[in-house]
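Chain naming follows the written order as A, B, C and D, and within any one chain the residues start at number 1.
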Amino acid sequence: MSGNTFGRLFRLTTFGESHGVGLGGIVDGCPSGVPISEEMIQHELDRRRPGSGTGGTTRKEPDQVRLWSGVFEGQTTGTPIAFSIENTNQRSGDYGPLAEIWRPGHADMAYDAKYGIRDFRGGGRSSGRETVARVAGGAIARALLARSGIRIRAYTQELGGIVAPEASFASRDAAAGRPYCAPCDEIVEIWENRVRSVRGQGDTLGGVVRIEAFNVPAGLGEPVFDKLDAVLAMALMSVGAVKGVEVGDGFAAARSLGSQNNDALFPGGTALNPGNPSTNHCGGILGGISSGQPIVLTVAVKPIPSIAREQHSVDRNGQPVSLRVGGRHDICAIPRIVPVLEAMTALTLADALLLQRRMTRDGERA
Amino acid sequence: MSGNTFGRLFRLTTFGESHGVGLGGIVDGCPSGVPISEEMIQHELDRRRPGSGTGGTTRKEPDQVRLWSGVFEGQTTGTPIAFSIENTNQRSGDYGPLAEIWRPGHADMAYDAKYGIRDFRGGGRSSGRETVARVAGGAIARALLARSGIRIRAYTQELGGIVAPEASFASRDAAAGRPYCAPCDEIVEIWENRVRSVRGQGDTLGGVVRIEAFNVPAGLGEPVFDKLDAVLAMALMSVGAVKGVEVGDGFAAARSLGSQNNDALFPGGTALNPGNPSTNHCGGILGGISSGQPIVLTVAVKPIPSIAREQHSVDRNGQPVSLRVGGRHDICAIPRIVPVLEAMTALTLADALLLQRRMTRDGERA
Amino acid sequence: MSGNTFGRLFRLTTFGESHGVGLGGIVDGCPSGVPISEEMIQHELDRRRPGSGTGGTTRKEPDQVRLWSGVFEGQTTGTPIAFSIENTNQRSGDYGPLAEIWRPGHADMAYDAKYGIRDFRGGGRSSGRETVARVAGGAIARALLARSGIRIRAYTQELGGIVAPEASFASRDAAAGRPYCAPCDEIVEIWENRVRSVRGQGDTLGGVVRIEAFNVPAGLGEPVFDKLDAVLAMALMSVGAVKGVEVGDGFAAARSLGSQNNDALFPGGTALNPGNPSTNHCGGILGGISSGQPIVLTVAVKPIPSIAREQHSVDRNGQPVSLRVGGRHDICAIPRIVPVLEAMTALTLADALLLQRRMTRDGERA
Amino acid sequence: MSGNTFGRLFRLTTFGESHGVGLGGIVDGCPSGVPISEEMIQHELDRRRPGSGTGGTTRKEPDQVRLWSGVFEGQTTGTPIAFSIENTNQRSGDYGPLAEIWRPGHADMAYDAKYGIRDFRGGGRSSGRETVARVAGGAIARALLARSGIRIRAYTQELGGIVAPEASFASRDAAAGRPYCAPCDEIVEIWENRVRSVRGQGDTLGGVVRIEAFNVPAGLGEPVFDKLDAVLAMALMSVGAVKGVEVGDGFAAARSLGSQNNDALFPGGTALNPGNPSTNHCGGILGGISSGQPIVLTVAVKPIPSIAREQHSVDRNGQPVSLRVGGRHDICAIPRIVPVLEAMTALTLADALLLQRRMTRDGERA
């Protein structure tokens, strides 16, 4: 109810502040028998770490995960899986001056309005650092999904207003290995220059990320209110910097005609693809239920609000202040946000997969 | 869990198929003492009814609401408020031929994949007709919000690819009275022509709707996963034809610089507007919590998939069929979807408002 | 959240006041393909109706159920199943004088404290009449359970302080056909005399009911907090007059030694009875999980608080009043409460059964 | 859904196995501004620790709590409060021989039936050791309740079949300081002898505990299904050894007449006690809503199933085994279960208190 739990059957509850003792979470509802290890989780966490790319912060966060429970002899037991990541590099001294100031574009004012009290060190709970627990939970979801052959990937479509060229399926598959999770090699240097230039102006920038899920069986998602696309939209929009979500053609569908936007069906369907559609304008979801086609989601990521330029603001007492945010900040949430978006997609699909199992009777519809 | 309930403290559970006995719902969690009448609900339902506009269907649905419980002497008692709307004009004979066919762009295939059985009459539960219960529930939410001065409005920004010109605040306020919920008079005839032309081709079209909420106090919304924008995105994306949701500047924010996208703060804030910001790029939500500014949401509505043109499809047995959907269909979900989007916004805000009250102690932070 | 929904995957939400338009509910989460009819539900409702027994009221309630949705061609479709029962015999004039008075032992005072407003006609939402919707929902749960061979029965163990003699399994099976749901014929007249005598004094009485569930597979229930016995205790204690719940030996277990209370295990177990225990002190639940043995629950039912004797009380303004409750009241909640207790047990087990299905993978553990 | 979360607005999610890395939990939904410290939590944990009493185990568990988040400068911030307790004394070698054996009266068989895999070390998740996280969470709930003046206490009424004599209010208040949480000094030696004798036979015993809550305002609890007594029954029955729960007079009410069981109302009520009742047969709850009277609950605690006597059982393969459970076991769950029962009561009331705040408008009904 208070917003720190995601999911219905596969549930992740997270905790932790940017500069507190540490962060972590509990996954409750993962079925027994799923192979899980600290290494698997660590692998995903390492993807989220500040990289060597020009857009990254210089803060060092080893982000070492520790598993507390729910895994026995390498397998889940069906009991809650708790994990923690200690904050080892807190330097809260950096943030002292910001204790009383509301930073524009940040949640400082909103937290004060909501709670009347705020852990101001590095943004506290509102810091992007909370996503470390999403990624750890998502790693467990991915392990569950992998058993059903479901795979999730993401790449950056646009950075600082520069759209990447169309890239092949295989090239997009290699995005995780490129700077900015770029979908192809050609765009990397162009984006690099854009980032460098914006950084030079003390400014920050945003971008657009596409997430795809493959091998999702038809039938997942709960109409009416809990449509699969609705829950995915919530999952993705809950990530700090996200300001827009599209399913399939998204806003372009609003400009299409029905005859263009409908995906015609053809014979030859399979369990994964019952209607064997030739196109995928719908993004793999019809009436809120997965259709067996790949699920396609697009997300708008706003620029990071911590800029190194002078800004007008007020403090908690309403007095005008002028501030320039220093510190060890990213200038773009991309590419660090990419594994977070994948994690949220994985958590949503794992949950939908388990929910659909209630339909099974004696293996009939498994 | 099965998708027919929306909300946490202010909860709407709905039921009903397009051509069954009727539709309705239960609102559980509305506090006592809110004035409610069948007339108030009927007023909202009438806005959703097929209108005389060129885009509308010719099906007549009186949609007469009946209140069963939870209201005593004109006020809510705190117990569940049930309502029903009987289906009086079922003509299920119309749909007989579609029993075995999966219509492209519809949920037919997905429902069969999920449930293995389907009430095929008029789309059954997947019909847009289910939104009648959302609107009725939303009317109760609006009554609750009205006591706190919160007001919601919506208008169409774009139809069939044609964007409306900028309109004044007052002109947008009058949108509900114009065809297509147009934000100004000038665009109506242009859109009318566009609709007429597309209808003539047996095709359908979509559009873009903007929803705004005023007087929302700062502090609503639950970080981390249940951010106010995340829940709103889910609420809106759960409406049948919606394929994209933006908060504030949305995808445009992804192309902005941080210095452009941040809303500077100035002295002179009030409870409703603590930081007194001059701009509203964030759409009234910071860190998932309402900021006191107007909440601004934009939604992509896809074209209606029932087109009067020949389409390729398959039946339940995978055999190829060719179909042309006749019947009494709208060619655009706009404007009938507009009060539905308002209702979902109202339900979300009513729920967030009640949730925030848990922070109150002895009236301290009310 | 507001208390009118029961269950996690198999969810019943109910509505309705004693003297309002009617009562009813929505079952959401029943899988598709379960045979359901109005007749099945009506059969259970008729068991709850005021009977011809000496303990019953003289109020006539036809309690005709109407199904609105979720059932197509005799089978559930997976969409919400709504039902309603109209109040046809309201006579609210009877209750006028009680509008301002708090009846001892009733919820009048508590509702006023909670809601500040109250539908006083016949107790409104706090009337035992709300259980009609539980029984209807329970009938749907029973239909689901029947497919897995699970059967629930209940009988009265004690009435007005008089304990029934031990009865054979077959005799207890016939309880539903006897007055007071007596477990054997011998006790009926004795109880009848007790009831007659107490009624003659203008007083009321209570009793003890045992509920048993057979063929419940081992493995249902969710430790830690949602243990099967914990959820059953909640389900049963939520029925108006219930003041105590025991699982298995209950309070007698508190007086046993460990060596007496443990159920020894023996070879020869089956899927339904893995450890083949010889005794069932635990009541079919170990560590909150069903063991495969019959589930055994015992419930204390308090006397009906509406007595025809003079009582001291106060009105809403705190003024002393003296009242004698007339009207058409039962003098004992037994036997009408018995099908309600069965319904709550059925709802709990149906929910636990669906939840356990999430463990299934490709039919492996079905 | 998977049973490791308790509460609706004030939510505790726990994790941990008896012999894993550690145990802990997350409290989500505690409002901001509540004073919390590790010392407060440690104080409650120390009450649950194996004591020097004759009934206790000889295992040493320092149970040192660590707070990870949600508390800043000594106050809750409204964000999740995570805590952990490391297992420092695991000695899992003790349990090796039990890996394949199902212990009678334990959850071993049931866990295998449910999950197909089991952390057998010391009972894993089914060990009473999981209650350490309940007590820690309950300490936070108590801090919240204390701000509203609500106080919870408990004492043992009966041990090994020997009922304690009636004790004064003040004497019962001192129970926490006596062995076995005895309500008076006189009974201590008698119980001590009983325990000694049963231990000498290699056997174990149970008892009855009463829990009382004072200063609970009228109006808490959510009819119909989430009645305050229903949720309390679930909360208490979810504690491992509990087999029965009574509210107020409990099973004795089933033997009363209505005229005896009703609590007459008198003038002179206050906000805490609106009807000023002279008796409290109802146990402080009417119609599922707190009446302002003290809440009175009674709980049956079964004997500990680990006995040092030879028992028949089977192993996972269904082969007969004979076992005698050695190790460092308590012979009675009392008194260690007492703070656990208090904690569950505190968690339930904290949750109900926050839920009721949704009724507040502008402080009107606070």
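By definition in this document, a contact is a pair of C-beta atoms (placed from the backbone, for glycine too) under 8 Å apart; a residue touches a chain by one contact, two chains touch by 3 or more.
Nothing here was measured: the structure is a model prediction, and the numbers come from that model.
Listing every chain that touches subunit A and subunit C alike gives B, D. Looking at B-C and A-B side by side, the one with more C-beta contacts is A-B. Centre-to-centre, using mean CA coordinates, subunit B is 45 Å away from subunit D. With each centre defined as the average position of its C-alpha atoms, the distance from subunit A to subunit B rounds to 26 Å.
One finds 39 Å separating the Cα centroids of subunit B and subunit C. Counting partners per residue, subunit A has 1-5, 8-9, 14, 29, 32-33, 78-79, 114-116, 125, 223, 355, 359 as the residues that reach two or more other chains. Listing the residues of subunit C that touch subunit D in their complex gives 1-6, 8-9, 14, 102, 104-107, 109-116, 125-126, 130, 158, 160-161, 198, 201, 203-208, 217-227, 229-238, 240, 243-251, 253-269, 274-277, 282-283, 285-292, 300-307, 309, 311-314, 318-320, 331, 355-356, 359, 365.
Considering their complex, residues 1, 9, 29, 31-33, 78-79, 147, 223, 354-355, 357-363, 366 of subunit C touch subunit A. By the touch criterion stated above, subunit A contacts subunit D in their complex at residues 1-5, 8-9, 11, 13-17, 20-26, 28-29, 32-33, 66-70, 72, 75, 77-82, 84, 114-119, 124-125.
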